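Letters are used for the chains, namely A, B, C and D, taken in the order the chains are written, and counting of residues starts over at 1 for each.
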Amino acid sequence: MGANADKTSAEAVIEFEPEFVAGLKKVFEEMVVFNKVLGLEITKINSAEVRGRIAMKPDLVGHFSYNRIHGGVISAGLDALGGLACMAAIGARHMDEPPMQRLHRFAKLGTIDLRIDYLRPGIGDAFELQAEVLRLGSRVANTRMAFLGTDGKLLATGSAAYIVS
Amino acid sequence: MGANADKTSAEAVIEFEPEFVAGLKKVFEEMVVFNKVLGLEITKINSAEVRGRIAMKPDLVGHFSYNRIHGGVISAGLDALGGLACMAAIGARHMDEPPMQRLHRFAKLGTIDLRIDYLRPGIGDAFELQAEVLRLGSRVANTRMAFLGTDGKLLATGSAAYIVS
Amino acid sequence: MGANADKTSAEAVIEFEPEFVAGLKKVFEEMVVFNKVLGLEITKINSAEVRGRIAMKPDLVGHFSYNRIHGGVISAGLDALGGLACMAAIGARHMDEPPMQRLHRFAKLGTIDLRIDYLRPGIGDAFELQAEVLRLGSRVANTRMAFLGTDGKLLATGSAAYIVS
Amino acid sequence: MGANADKTSAEAVIEFEPEFVAGLKKVFEEMVVFNKVLGLEITKINSAEVRGRIAMKPDLVGHFSYNRIHGGVISAGLDALGGLACMAAIGARHMDEPPMQRLHRFAKLGTIDLRIDYLRPGIGDAFELQAEVLRLGSRVANTRMAFLGTDGKLLATGSAAYIVS
């Protein structure tokens, strides 16, 4: 035993070409219209990790008394970001393909299922979202996500499985 | 054994006063702003079951090629409707309270966690949402939800736990 | 719309040959050793639904004060039964294959993920387990499971996704 | 904002008295009989983290061809260890109570729900289980768990919610 180290974590982090990142941002932030409604922006993306940001606005309110963000914004945002992390991991496996060809792989991605744990009320001016791929198989990818306050406080966590081929 | 039948299912279905339903609709469809963004409307509500409806519109698109609804609309809608089912079950337990007092109980409700299973692509002009409470305890309520096409086809299912006191 | 009814529920229920059922029982109840430790027996199996039974015994105790069944027996049993429901659905799709060939498909099945909701304490002499396939795709199957008392009281529910090819 | 740092992570780690640990081990490893069937042992326990170990044995086999551990052993073990992490966090909040009184709090703990993600086949001579509490509230605790090979490879992850009062 002992020898078969986890290849995922051992792999070097791959940074993408500006063209690929720009294309991915356009698809994710604009063409996936509901992401735009959420105001979900990509703030970091490489083969190992993706991060996003949602600025609070009146449309996202769930609980009016506390100006608390709607749980659905959290679940929708984390689902989307988990998918983006898969896309980044898949993209990193196909660096031999031209950026536009890699982007087309995005269309085949689908969420199988999702779990969200709500830990603390989401109150603040903005929120950070994080996602990482725990395993990228040939058919299924598993991700873990987190939703944080700008102070780094963990507000919600997520787990999801995606069909990737 | 044998004797202790499931009280939840044995209980008679309680219908609410128009005042309570109107108040609940106002809170749920308007004051919870993000529900309004989703266009989530209550179509049926009693102590045993709640149903809602979301009409498709450009803001809800997840996959532009197929005009498919965003998975986040499904998770957000089912989370909200599961909470509404809890609210209905709680309301039914406090029919001795005036409607407005019962409505205030809504403020204390919170989602503990949520699971969504995406079964089939959400493509259509409108969607139906259903939620029922499997168990209403003194502290935790468990719900089951479904997201269907207007043809009755099951598109997604959900399970959630809520803190109710 | 309206026309494309849910094919899964519309399909006729397929009953299996005794040889296939006997083979499946041998694999499931004996060769999957941990199922034997649980005492998990198949009580019904066709293409639409599977049912099982677990008799209470000292080995399965989780809470000694109440002689309550361990939550892990519930999660393990429901995971196994959900997989069996997939196996039945897959078997029904390949009735043209000889029973033994169909049984070999069992080896390729794997749980992607699982959710269990614990509703009520599992106290009793025996328990019934139920599982149905909500969707059987070419790569992923989704199931829903229930864990009941012999009085029919719902004690726990489950949802799972399986890789099927 | 900015100021309200996460108290959970900021708190100093509390180590327990040998009497409390011995009592907890007796309850967890022996009196919860099904944990004994699993062979689940506590290898580390303090207020911040708990770890356990399961040695492979014939009773735990799920897939006979590969001598793979049954997914139910993983779900049962992670559920149990998540509960233990809650117990440790609760114990740490009541260090003013005598050890035996703190141990009685174990009886009130119950799993609300559980999610397990199976990432890689569990093949090996032994496995390590880890659990940490993400949030301990007055009524609900949220945990995250991991199931690893002895080489540190991540085989499965879990999330769970527990009722704690």
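Criterion: contacts are C-beta pairs under 8 Å (C-beta built on N, C-alpha and C of every residue); 3 or more make two chains touch, one makes a residue touch a chain.
This structure is a prediction, so every number in the text was calculated from the model and none was measured.
Chains that touch both chain B and chain D are the following: A, C. Comparing the CA-atom centres of all chains against that of chain A, the greatest distance is found for C. Between the CA-based centres of chain C and chain D the separation comes to 26 Å, rounded to the whole angstrom. Note on chain placement: the centre of chain A and the centre of chain C lie 33 Å apart, centres being C-alpha means. Residue positions of chain D touching 2 or more other chains, listed in rising order: 112-113, 115, 117, 142, 159, 161.
Residues 112-113, 115, 139-140, 142, 159, 161, 163, 165 of chain C touch chain A in their complex.
Those residues of chain A whose C-beta lies close enough to touch chain D in the complex are 1-6, 115, 117, 119-120, 124-125, 134-135, 142, 144, 149-154, 157, 159, 161. Those residues of chain A that touch chain B in the complex are listed here as 31-35, 37-38, 58-65, 70-73, 75-77, 79-80, 107, 110-118.
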